[in-house]
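Each structure below is given as structure tokens.
You will see subunit A twice below: alongside subunit B first, and alongside subunit C after that.
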Partner chain A sequence: MSTDNFNDYVSSSFERLERRLNGHVNGPLHNLRRRALRQFIDVGIPTRRMEDWKYTSVINVINDAQFSSEKGAPAPAPAALPNEDVYHIVITPEGLDSAPFEADGLTVEVLTDELVIADERVRSTIGAILPIDTTPFVAMNTALHTTGVVIRITGNVTKPIHLDLIAHDASPDPLPSPRILVLASEHASATIVETVRSNPAAVLLPVCEIECQANAHLHWTRVLDDANNRHISAMAANVYGNGSVTVTTCIVDAAFVRNDVVIRLLEPGAQGFLFGVSVLDGQQFADNHTVVDHVMPHCHSEELYKGVYDDGSTGVFNGKIFVRQDAQKTTAYQSNRSLLLSPNAQVNAKPQLEIWADDVKCSHGATTGALDADAIFYLQARGIPKAEARRLLTMAFAMEVLERVPVESLRQSLERRMEQRLSR
Partner chain B sequence: MSNLQPTESESTALDDVVQGDYKYGFTSNIEQETLPKGLSEDVIRFISERKGEPDWMLEWRLSAYRRWLDMTEPTWANVKYPKVDFQDIIYWAAPKKMPALNSLDEVDPELLATFEKLGIPLEEQKMLTGVAVDAVLDSVSVKTTFQEALKEKGIIFCPMSEAVRDYPELVKKYLGSVVPVTDNYYAALNSAVFSDGSFVYIPKGVRCPMELSTYFRINARNTGQFERTLIIADEGSYVSYLEGCTAPQRDENQLHAAVVELVAHTDAEIKYSTVQNWFPGDKDGNGGIYNFVTKRGICEGARSKISWTQVETGSAITWKYPSVVLKGADSVGEFYSVAVTNHHQQADTGTKMFHLGKNTRSRIVSKGISAGVSQNSYRGLVKVARNAQNARNFSQCDSLLIGSTCGAHTFPYLEIANQTATVEHEATTSKIGEDILFYCNQRGLSTEEAVALIVNGYAKEVLDQLPMEFAVEARKLLAISLEGSVG
Partner chain C sequence: MQPLLEITNLHAGIEGRDILKGINLTVNPGEVHAIMGPNGSGKSTLASVLAGREDYSVSEGSVVFKGRDLLDLAPEERAGEGLFLAFQYPVEIPGVSTANFIKASVNAVRAYRGQDALEPAAFLALMRERMALVDMAPTFLSRALNEGFSGGEKKRAEVFQMAMLEPSLAVLDETDSGLDIDALRIVASGVNALRSPDRSFVVITHYQRLLSHIVPDVVHVLHNGVIVRSGGKELALELEERGYDWIRAEQGSEV
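Take a look at the complex of A and B:
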């Protein structure tokens, strides 16, 4: 399909959306949508000729989503969070599946024009933390999102917040685009777990914007554990004085993933942590695309992305550390490690440092290789069969990221999931 | 960083050094024969005719030119500069006097004086160091020494224009085989208008008895310099080639678009060293050389080795990625680089290692030092192809920042499609530690001396790769480029 056809599809989707508004087309949110639509039409679907999409071809994924007549089974209940007492927020293409609520320093609302008009903070953050020109898919999400949710964290939220994104087969939209805005007030803290239930016909295009005010702490864990998952997401966090945002991406199973994560450290003492683990096989594909932007001095960031690639799977990592001229006394560390388990697996890595300040300590490291033959031999010499030895070492490799998952039951279920995958 | 701030008297002394005139900025008044500015097929025909080239060479140039017309300038590098007007460049300039030379006495005395000012008198080089010098002044090689000694071994070391005439079979076979005409915009331009350069052929099993060296020098006003170098090391041979440059001070930007091709056959080894000190522009960023160079070597045969070493201190804009294609089994590629940028200089440099054969190894050591308001980028690619079993790469890219207004950037690309590959990349960016400076101060070294000491130690791993006579020059260059940038 040519880009023109796709533009038609996006435009007609937009018109459908507009018709549902009964003439309420002059609100600030709708104006933002309109600008985003123009932006998307201008740029179109990214191609591999664009530097940021050099290793990632999305056109086929998008095409499949549109023309697939295949209807998958209804999305299963999320396996990732068994028996955990959580605040459950279910987001479907039709809207928020649970009623808006308020409890325990947590407020959940639906993003509407009225809310944008009434609330200064929503107005100043929506479309500002992730501007529409960040990626074409951010523009598309901004133009077409059918479900917008505003999550406010005003205190210490003790239970994990479970964001349950669903793209089930009854959906009329093959490209559901949920929009999430998280506003954490000063001294607030929360743990958020995002899971996805998808079907083979849909590609999920979520966009999350996070504002983390001074001394607030957010821990976001994204879980992709379904072989049907096709996921092109963007997330950005603005972090203020002494606040911290941690994003842990666990790709235990997924057909196609492109994750853009941006963390901006905007006041002294802000911290950003990015962790990720991908375990892929078959023809699976995962691209982690990160930017850590050190704007102010005395900020700290750490990044660790690991990948285990079997069969004909492909892993991509693009990590940029940006240190602006004012950001003296920055410490920024980045590490990317990949394990290739099959002759047909492939890794493309592009760690980047852009440093404009002198009093900084920044480093990145990237390694790619197979399992250490000596280590396997060591285990074999102690009576552990080769296959088991390989599994053990691979698990140990992945655990360095998994053990950072803050919810105990989630960590255990992810560990089990990973063990199952590695022993098949 | 208070102890890094120089005192007033110190900074005056520093200013003297930093703001001092470019040491090698002078013009030698050798009569020039030049073409009017601009590029067209006629200009290429003229160049080809003046050089007495055969038809096939002219055809090759013309086809490169036609391809070039369809190409666009690359814009992906992390450098900013006013667009080059390719019609505002003189594509041919040659010293008018072309004496047949048997001894140094016959060389234009003014030319000799020029080299003397540069600190590389041919005489001394010849007598003391035993280095054969193919001195290129602008476009035509005017003096070649030691040719006789090399001839005995069967080594061909001559200007490219001579090689086109005398060894057409070799040139036809290898020219453009490593860097194809359409490789990139500047390579295509070079293929169309290349003026001269060096041609080296080392026969089977011969170990070149001396370092081969060429000193390039841009001399004529508004003259683009388009060197073309081709080095072929046949089976089991070894050659170490040196290239160094200084250029006189000019106000207008000058373009330098060279192409260097290396071919190493089975068991052969080529060591290519560069000390680059083109005019970097004045302290306000006026003038300076645009250095857009394509350098690539191919390890054609098994167990062959190509090693690039570069010390880059000059040029206003550098755009340079010496690469190695590791085709033969067990072949080795190396890249050692020190890139220093000061004032308004911008450098986007690095390497590419293509692992195609089995058991190939590569090693990248890049040390960037930025000062003033300069920008220094490392950009590198390590590619392991599907069939490159047991490839091994290690990359180390360190950046040192001196002053808070400069930038250091790293853009490594790692593309790994083979499970047995082991690829490691490491990069660090930092300034010189205050504790280290304090330690030196405490022991009686001034901050200046301490920085020089630390930087030299930082770059040692690369400088050690240079042949003796270049190592000395390189250390001097590092000192000149950096002294006074502390603070």
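Take a look at the complex of A and C:
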């Protein structure tokens, strides 16, 4: 499909969507959708000529999505959270699979025009934390999302919240675009685990906006562990005084991933943590694009992305850190480490620090290398066969990120999945 | 009696450079051999070749260990057969705790020998017992192996690993270097506790000091890739006193 054809496809999808929305064509959400559509049509699908997409060709990925009306196979149950007592929120292209509910400091609602009209906080955040000009896919999601969910965290939510994104289910939509808005009130806290059930015909395009008010703490773990998964996502969090947001991205298996994550530290004491681990082989591809924006003084950010690349797989990391003029006493640390297990694997890493304040502590580092031959020999000399030595060292490399996954059972299942991966 | 280790006319080198130029060495069960010699004479190279480091190529000679061709075995098989090398420079293994490392190592060696993995409780008890042998605090078990260990701590950890693996032949490459006086005594007594009629040691060292604790049956001097002199424990004392110049002079005069 050419770029022009694709624009036509997006426009006609939008018209179909509009026809279903009897009555609401002038609601605030709908107006936002219209602006987003225009934005998308103006810019189009990103090409490699654009700086932020230099290493990442999306047109082929979009082309591989099957624009047919065949229904996908039923989704398998997610493997990542076995037997864990969770709040299970199932998001399909048709909508919220579970009824809206309220429990234990947690409210889940469907995003509608009525809600946007009635609720000042939703109105001021939706499309504002991730404006439509952020990336073409944010514009596309904003225009076309069929399922929007607003998750309010008002207290200390003790059970993990499991966001179960289903890319196909019984839907023919080749580009499911779930829209998620998380509003954490002051002093609230929650652990969110996002998983994806995909199929080879779909490209999932989720957009998540997060507002984390003062003293609230959110820990978001994104798990991509399906070899079929093609995923282009955007997430941004606005963090206020002494609040913190941690985003941990675990790519255990996926065909194609592009993740954009933005954390803005908007009041003193706000903290942002970004962790990621990717384990790829074959021709798999994962691109992590991150932005940490230090706007106010006395904020802290930490970032660690690790990648293990085998066969002909490719990793991309782009980490921007902005320290604005007012953001004195900032501490910001970024590190990106890649392990290349094969001579054909490759990684493109680019840290970008832009610092306008003078009293700050910032550092960044990127390393790319193979497994340490001395370490392999040391393990072998202790009786450990070479293949196992390699696996042990690779797991140790990945564990530095995995061990930060806050849900014990999830951490263990991810560990097992990774071990399986590395043995295949 | 069949020798435990028999090295015959061993020539080995790296990147086209000859380092070992005809080593002959026989170690019988229960014996302690010391190898001394100037820096760069090839002591660690010999240890690496015995342990199976691939970077070194053997151009001539043979090594027979327990009646098997040692050079034909992968490093992990050599460990399984009961060969242990305490490294001159132990490698830091970030992300792998000492406990998990030892567990993987011991169970791999047990699997090689056709034994079942140890039960976790029995394993932990054994680890504690063997750590006590070298006066290592149990807190080391949860730390990444060798990472941030002081020089002396690394050497103790090597002896601890040796105690766990119960080898038939342990090659200790300068296990005494970097140890303070008390640590030297502790490490030496740890080694002595493991001495037995069917366990042998090859102790590479620069100092007589260690050999007054671990008394060798034979002392060898390695010079420029060959063993140029072998003798009793007195040889170590003589070297301590006179240095290596007289050996060099002798070698020079022989050429």
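Assume the second predicted complex is superposed on the first by the 414 of 424 C-alpha atoms of A that agree within 3 Å, B and C clash if a C-alpha of one lies under 4 Å from a C-alpha of the other, contacts with A are read in each partner's own complex, and residues count from 1 in each chain.
The rule we apply is simple: a contact is a pair of C-beta atoms (placed from the backbone, for glycine too) under 8 Å apart; a residue touches a chain by one contact, two chains touch by 3 or more.
All values reported here derive from a predicted model rather than from experimental measurement.
Asker: For the overlay on subunit A, clash or fit between subunit B and subunit C?
Answerer: After superposition on subunit A, which the two structures share, subunit B sits beside subunit C with no clash.
Asker: Identify the partner contact of A:Asp359: answer first if only subunit B is touched, second if only subunit C is, both if each is, neither if none is.
Answerer: first
Asker: One more residue to check, A:Glu51. First (subunit B), second (subunit C), both or neither?
Answerer: A:Glu51 contacts subunit B only, not subunit C.
Asker: Tell me the angle subtended at the Cα centre of subunit A by the Cα centres of subunit B and subunit C, rounded to the nearest 10 °.
Answerer: Apex at subunit A; the opening toward subunit B and subunit C is 70 degrees.
Asker: Considering only the touch criterion stated at the top, classify A:Gln325 as touching first (subunit B), second (subunit C), both, or neither.
Answerer: The answer is first: A:Gln325 touches subunit B but not subunit C.
Asker: A:Met399 contacts which: subunit B (first), subunit C (second), both, neither?
Answerer: The second partner, subunit C, only.
Asker: Please work out whether A:Val90 is in contact with subunit B alone, subunit C alone, both, or neither, and reply first, second, both or neither.
Answerer: The answer is neither, since A:Val90 touches no partner chain.
Asker: Touch check for A:Gly369: first (subunit B), second (subunit C), both, or neither?
Answerer: first
Asker: If you count the residues of subunit A that each partner touches, which comes out higher, subunit B or subunit C?
Answerer: B
Asker: Now for A:Pro343: first (subunit B), second (subunit C), both, or neither, which partner does it touch?
Answerer: Once the two structures are laid over each other on A, A:Pro343 reaches subunit B alone.
Asker: Would you sort A:Ala227 into first (subunit B), second (subunit C), both or neither based on which partner it touches?
Answerer: neither
Asker: What does the superposition give for the shortest Cα distance from subunit B to subunit C, in Å?
Answerer: Least C-alpha distance after superposition: 15 Å.
Asker: So in the complex, the part of subunit A that touches subunit C is made up of which residues?
Answerer: 372, 374-375, 377-386, 388-389, 392-393, 395-397, 399-400
Asker: Would you mind writing out the residues of subunit B in touch with subunit A in their complex?
Answerer: Going by the criterion above, the answer is residues 1, 76, 386, 399, 401-431.
Asker: Which subunit A residues qualify as touching subunit B in the complex?
Answerer: 51, 55, 325, 328, 338, 340-370
Asker: Please give the residue numbers of subunit C that touch subunit A in the complex, ascending.
Answerer: For subunit C paired with subunit A, touching residues are 51-54, 74-76, 78-80, 84-85, 87, 90-96, 101, 104-106, 108-109, 112, 144, 161, 165.
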